[in-house]
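Multiple structures follow.
Each of the next two complexes has chain A plus one more chain, namely chain B in the first and chain C in the second.
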Partner chain A sequence: MLFWQDPQFGEKLITMLAALVLVLQILMVAQRWLITNIRAFGVQSFLLAAIAATIAYFNHAPHVYVVAALTLIFKAILLPLALERLVAKIEIRQEIEPLVNVPISVIFSGLLALLAYVVAESFHRPDEAGLGHNTLAVAIALFLIGFFMMVNRRKALTQVLALLCLENGLFLAAISLTYGMPLIIEAGIFFDVLVATLLLAILIYRIRETFDSMDVSRLSRLKG
Partner chain B sequence: MPILVLLLIPLVASAASLLLRNLRRMEAAYLVSAAGSFAAAVWLAAQVLAKGVVEWAGGFFYADHLSALVALLTAFVYLAAAPYAVGYFRRDVEQEVFGNGQTGAKLRKYYALTPLFAFSMLLVAVSNNLGVLWIAVESTTLASIFLVTFYGRRTSLEAAWKYAILGGVGLSMALFGTVLTYYTAHQVLGGESLSVLNWSVLAGSAAHFDPTVMRLSFILVLLGFGTKAGLAPMHTWKPDAYSEAPAPVAALMATAVVNCALYALARFYVLTERCVGPAFVSQLLIIFGLLSIGIAVPFILIQRSYRRLLAYSSIDHGGIMALSLGFGGALGALGMLLHMTFHSVTKPLLFFCAGNAQQHTGNDALKKGPGGLLHSLPVSAPMFLLAALAVTGTPPFSMFQSEFTVLRAGFAAQRTAAVALFVAFVIAIFCGFFYHIANLVLGPPADLPRGEFSRWKTYPVIGLSLIVVVLGFWLPAPVYALVDGAARILAVQP
Partner chain C sequence: MTSEIAGVAIQAALQVALVLFLSPLITGFSRTLKARLQTRLGAGVLQPYRDLHKLLRKGMVIPDTASWMFTATPFVLFATTLLAGLLIPTISAQAPLSLFGGVLAVVYLLALGRFFLALGGLDTGSSFGGLGSSREMTISAIAEPALMLAVFTVAIGAGSTNLSTMAQAGLGQSWRFLAPSQMLAFAALFIVLIAETGRIPVDNPATHLELTMIHEAMILEYSGPYLALIEWSAAMKQLVLMTLLVNVFFPFGLSAGWWQAATLVSLLLFSGKLLLLAAAVVLVETTNAKLRIFRVPELLAVAFVLSAMALVSTFLF
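Right, the complex of A and B next:
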C-alpha cells in the first residue's frame, strides 16, 4: 500500500497538524503585536482547513471537503484580511496589553493544555477506530486558551480574536469527534460566525469613534 | 404549513421595511406582520392541539405542545409591542431625539431588525434540528445587537459590547454542548444524515447515549443557553442591555428571548434526563435557579434606575423557571410553563409603563427622579403599580398561582431548603420592588405636564392590564391544554 493511502499515515499527519495548531495558539498568547496575532489566526485557520481536507481524503467523506473549502476561504483568507483592514482604518496602537504578563500567560496556557488532555482522556476508547484523542485534546485546549485570552485582554479587537479562537477550537472538536456536523448545519454556523464578526467589527468601529479608544475597561459606566 | 407561514411573515416584513420609503408604510408593514405572526402562531397552536405534532419539510421543522406554546408567547409579545413601538417612536420623533436627518434611517433600522429578531425567535421554537436551534438562538443575538445600540449613546455601545461578547462566548459553549450530543448520538444512531440531530429522533434513543458525554454536554448547554436566558452568574449583560434598548425591544428581550433560551435548555434537559436520570440535571438547575433569584435580591433593594430594576426582576423570573424545571416531576414542569406564560404577559406591561414614564420624565432614575407620576400620567402610572403587584406574585394575580405551583413542586420533590430560600427571596423582592415603584408612582406631584402622549402608547397598556387581571381569575381552556401538553413533554418518565 502506498503511504498516501495508509490511514496510519493520515492519522499521523492530522496529529502533527493539530500540534502545530496548538503551537500557534500559544504563540498568539505569547506575542504582543496585533497584526501578528491576526496573521497567526489566519495560519491556524489554514491548518484547520488542511486537517479537514485530510480527514475528508482518508475517510472518504466528500462533504468535509466543502467544510475545508469554507474554512480556507472565510477564516484563513477573508476574515484576517478584513480584520487587518479594520486595524489600519482605526489606527489603533499595535501593541496588545495583557492583564497578566506574557511569561505567566504562556505557563498558564500550558497548564490549560494539560487540563485539556485530562478531559479528552475520558472520551478515549481504545477499541474504537477514530482520530485518537490527541486532536480532541488540542480542540479543548484551544477552547480553554481562547477563554483565557478573552479575560486576559482589554482591547476590543483582541477579544474578538479570542472569540474566533474559541470558535476554531469548536470546529476542531466537531471535526475530530464526528467528522464535522452535517453540512447544512456547518454552513449555518459558518454564516453566523461571519455575521457575528462583521457586527462586532462595526461595533468596534463605533466604540472607537465615540470613546476614542478601544480599551474595553473604559466601558464601565453601567453598574449595579 | 402553519410553520411556513409563521416563519415567512416576519421575514417578508423585514424585507419590506428595507424597501419602503415612507415611514407610515413601514409602521403599517410592521403592524401587519405582528398581527399576522400572532394569527399564524394561533393557527399552529390549534393544529398542535388537534393533531399532537405538526411537522414540515420532512421533520426538519417540528412543533409539539412545547414549541407551539413558546411560539405563541413570542408572537403575543411581538404583537403587544407593535402598536406600542409605533407610539413610542412617534414620541421620540416629536422630541427630536435622533438629530437632524437621522430619523428615517434610525426608524428603518428598528422596523427592519425587529421582525428579523422575531423571526429568529420563532425559528427557535419550531426547529427540530439541534444545530438549527443553536443557529437560531445565535441569530437572536445578532439581530438585536444594533437594537441595543439604537440610541447611539456611549452607554448603549457599552451595553451592546457586553451583550455581544458575553452572548458570543456563552453560545460557543452551547455549540460545544450540541457537538458533544451529536457525537454520542452519532455513535448510537450512526449515519451521516441530518436527522441524527433532530430532537424528535434523539429523544427516542437518549437512554442509550454515553452518560459521561451527556453530562458534560448538559453542563456546557446550561452555561451557554443560561447566558442567553440571563441566569446568574452569567447575567451581567442583562441590566445594561435592557436599560439601553428602546422599551419595546427590552420587552421582547425580557420575555421572548428568555423563553427561547429556556426552551432550548429544556430540550437538552429532556435528553440528558432520559440518559443519566433526573438527579444530576435537577441539582444543577436548582443551583443556577436559586442563585439567579438570590442575586436579584440585593440589586432590586438598592436599585437606582427602574429600567434596571425590571432587568433584575427578569433575572429573578428566569431563575424561578429554571428552579421549577429543576424541581422536576409533573408539577415542576407545569410550574415552569405556567410561570413562563404569565410572565410573558405581565413583563411587557411593566416595560411599556416604564417606557411611558421614562419618555415623560426624561430619565429612569428611582431615587433622585421626580415621584408622583400618578399626577402626570393618568393611565400608565396606576397600571405601573398594578403590573408591579402582578409581577411580584401578589394574589390574586396569576403569577401568584404559578409561583405557588413551583412551591408545591418543591415540596413534592422534598427540597425543603430550596423552597425556604425561594420563599425568602421572593418576599424580599416583593418588598424592594413594590417600595420602589410605589415611591415612583405615588409621592407628591412634580411639576410635569399632565397627560399621556397618544393612544398608541396607552391602549397597549390598557389592553395588557385587562389581560393580566383576567388571567388572575380565568385561564382559557385551550391555553391551559397547551401548557399541560407541554408540561407532559418535559416531565415524561420513560
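Right, the complex of A and C next:
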C-alpha cells in the first residue's frame, strides 16, 4: 500500500498539523505585533482547513471538503483581510499590551495546554477507533488559551482575535470528534462567525471614534 | 580487537576531517544565501576558508592585562567543540566515539567551551568583553533547559541518550517525525539553534559595531590565529547543533556502518539536509529584525514551553 492510501499516515499527518496549530497559538501569545497576530491567525485557519481536507480524504467524506473550502475562504483569507483593513482604517499599528508580561503568559499557556492534555486523556478510549485524542487535546488547549488571551489583552481588536482563536478550537474539536458535522450546521457557524466579526469590527470602530482608544478598560469611565 | 580499534581510529579521523572542513562551508553557504536574499552579491561560499587561512598566517596582539586564561581559551574551545563533533552521528548512524558519551556529553562539552569563552572575554578586563560574557551566559542559561527537555523527549522515544541509538531508533520507525512530540521538540530546538549560534533574532553575526552584540563582544580582543581558532570553533559548533537536529529528527539516509557503498549517498543526503536547515535559518534571519536584548528571554520561554509540551505529549500519548 502506498503511503498516501495508508490511514495511519493520515492520522499522523493530522496529529502533526494539530501540533503546528498549537505552536502557532503559542507564538500568537508570545509576539507583540497586531498585524503579525492577524496573519498568524490566518495561517492557523489555513492549517485547520488542511486538517479538514485530510480528514475528508482519508475517511472518504466528501462533504468535509466543502467545510475545508469554507474555512479556507472565510477564516484564512476574508477575516484576516477584513481585520487588516480595520487596523489600517483606525490607524493603530502599536504593540499589543498584555496585562501579564510575555514570558509568564507563555508559561501560563503551556500550563493550560498541559491541562488540556490531561482533560483530553479522560476522553480517550483505546479500544475505539476514533480520530486522535491528541487533536482533541489541541482543540481544548486552543479553547483555553483563547480565553486566556481574551482576558489578558486590553485592546478590543485583540480580544476579537482571541475570540476567533477560541472558535478555531471549537471547530477543531467538532471536526476531530465527529469527522465533520452536518454541512448545514457548519455553514451556520461560518456565517455566524463572519457576521459576528464584522459587527465587532464596526463596534471597535465606534469605540475608537468615541473614546479615542481601543482600550476597553476606558469603557467604564464616565464621559459627559 | 586491534582491527576494531584501528577501525574506530579511521572513522574518527574521517569524521574529524568532515567536521573541520565542512563547517566553514555551511557558514559560507549561509552568508552567501543571506546576501542573495538581500540582493547583494556576497563574497562567495569559500570566503570563510580564505578568512581562516588569512587569520592563521597573521601576527597576534595580546593585551597586557591578559593572563594564561586568554591563551588557553581558543584551544579549549576548539578541542571541546571538535570532541563534541566526534560524538554525533554524521553520515553513519554509528558515531566514532559514541562509546564515550551520548547527547549529554555533547551538550556539556559545548557548555565547557562556552564557559571558557566567557572567561576569555572577561579576562582582558575590557568592558565590552565582560558585557558579552554576561549576555552569553544569561542567554545560554535560559536556552539550556529548553535544549535538555527537547533532547530528553527524543531520548525517551529511543530509550537511550546515546545519539547513535537515537538515530537508529529513528531509522526503524517511518514517519516518526510526524509525531507531535517530535515536532514540538524540533520547533523548540530550532529556536535554541538560532540562539546558540547567535543568529539574527537573538544576535547579529555580521557586526562588530553594535552595542547589542553578544558573541562578537566576547572575542573583540582576539586576533590572528587565536581568532581563527575561535571562528572555526563557532562554525563547528553550528555544524554540531545542526547535525544534532537533522540526524536525530530526520535520520533517513544514514548508513548503518562506514564501509558501505551507500556511504557516499548518505554523505550527499547529509549535506543536503544541512543545507536545507541552513536555508531555513537564513530565511528566519532575513525576515526578522533583531530582538531587543530584554525580549530574548521571551523567545526562549517559547522554546522552553514547546519542549515541555513535547515531553508531556510523549508521556500522555
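To be clear about the criterion, the second predicted complex is superposed on the first by the 219 of 224 C-alpha atoms of A that agree within 3 Å, B and C clash if a C-alpha of one lies under 4 Å from a C-alpha of the other, contacts with A are read in each partner's own complex, and residues count from 1 in each chain.
Keep this in mind: a residue touches a chain if its C-beta (ideal position, glycine included) is under 8 Å from a C-beta of that chain, and two chains touch if they have at least 3 such contacts.
Model, not experiment: these values are computed from the prediction.
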- Overlaying the two complexes on chain A, which is it for chain B and chain C: clash or fit? fit
- Message: Per the contact definition in the header, classify A:Asp192: touching chain B only (first), chain C only (second), both, or neither.
- Response: first
- Message: Which partner chains sit in contact with A:Ile35 here, chain B, chain C, both or neither? Use first/second/both/neither.
- Response: neither
- In the superposed arrangement, which partner chain does A:Ile73 touch: chain B (first), chain C (second), both, or neither? neither
- Classify the contacts of A:Leu114 with the two partner chains as first (chain B alone), second (chain C alone), both, or neither. second
- Using the superposition described at the top, determine whether chain B or chain C touches more residues of chain A. B
- Query: Which of the two partners, first being chain B and second being chain C, lies in contact with A:Leu81: first, second, both, or neither?
  - Reply: neither
- Message: Contact-wise, after the overlay, does A:Phe9 reach chain B, chain C, both or neither (first, second, both, neither)?
- Response: second
- In the overlay of the two complexes, what angle sits at the CA centre of chain A between those of chain B and chain C, given in steps of 10 degrees? 160
- Query: Between chain B (first) and chain C (second), which does A:Ala173 come into contact with in this model arrangement: first, second, both, or neither?
  - Reply: first
- Query: Shortest C-alpha to C-alpha distance from chain B to chain C once the two structures are superposed, in angstrom?
  - Reply: 20
- Message: Looking at the complex, which residues from chain A come into contact with chain C?
- Response: 3, 9, 12-13, 15-16, 18-20, 22-23, 26-27, 30, 102-103, 106-107, 109-110, 113-114, 117-118, 121, 133-134, 137-138
- Item | Complex contacts: residues of chain A adjacent to chain B | 61, 63, 122-123, 143, 147, 150, 156, 159, 163, 166-167, 170, 173-174, 177-179, 181-182, 184-185, 188-189, 191-192, 195-196, 199-200, 203, 206-207, 210-211, 216, 219-222, 224
- chain B to chain A touching residues, read off their complex: 129, 131-132, 134-135, 138-139, 141-142, 145-146, 149, 152, 154-155, 157-162, 164-165, 168-169, 172, 175-176, 179-180, 182-183, 186, 192-194, 196-197, 212-213, 239-240, 243-244, 299, 302-304, 308
- Query: Which residues of chain C touch chain A in the complex?
  - Reply: 175, 178-180, 183-184, 187, 295, 297-299, 301-302, 304-306, 308-309, 312-313, 316-317
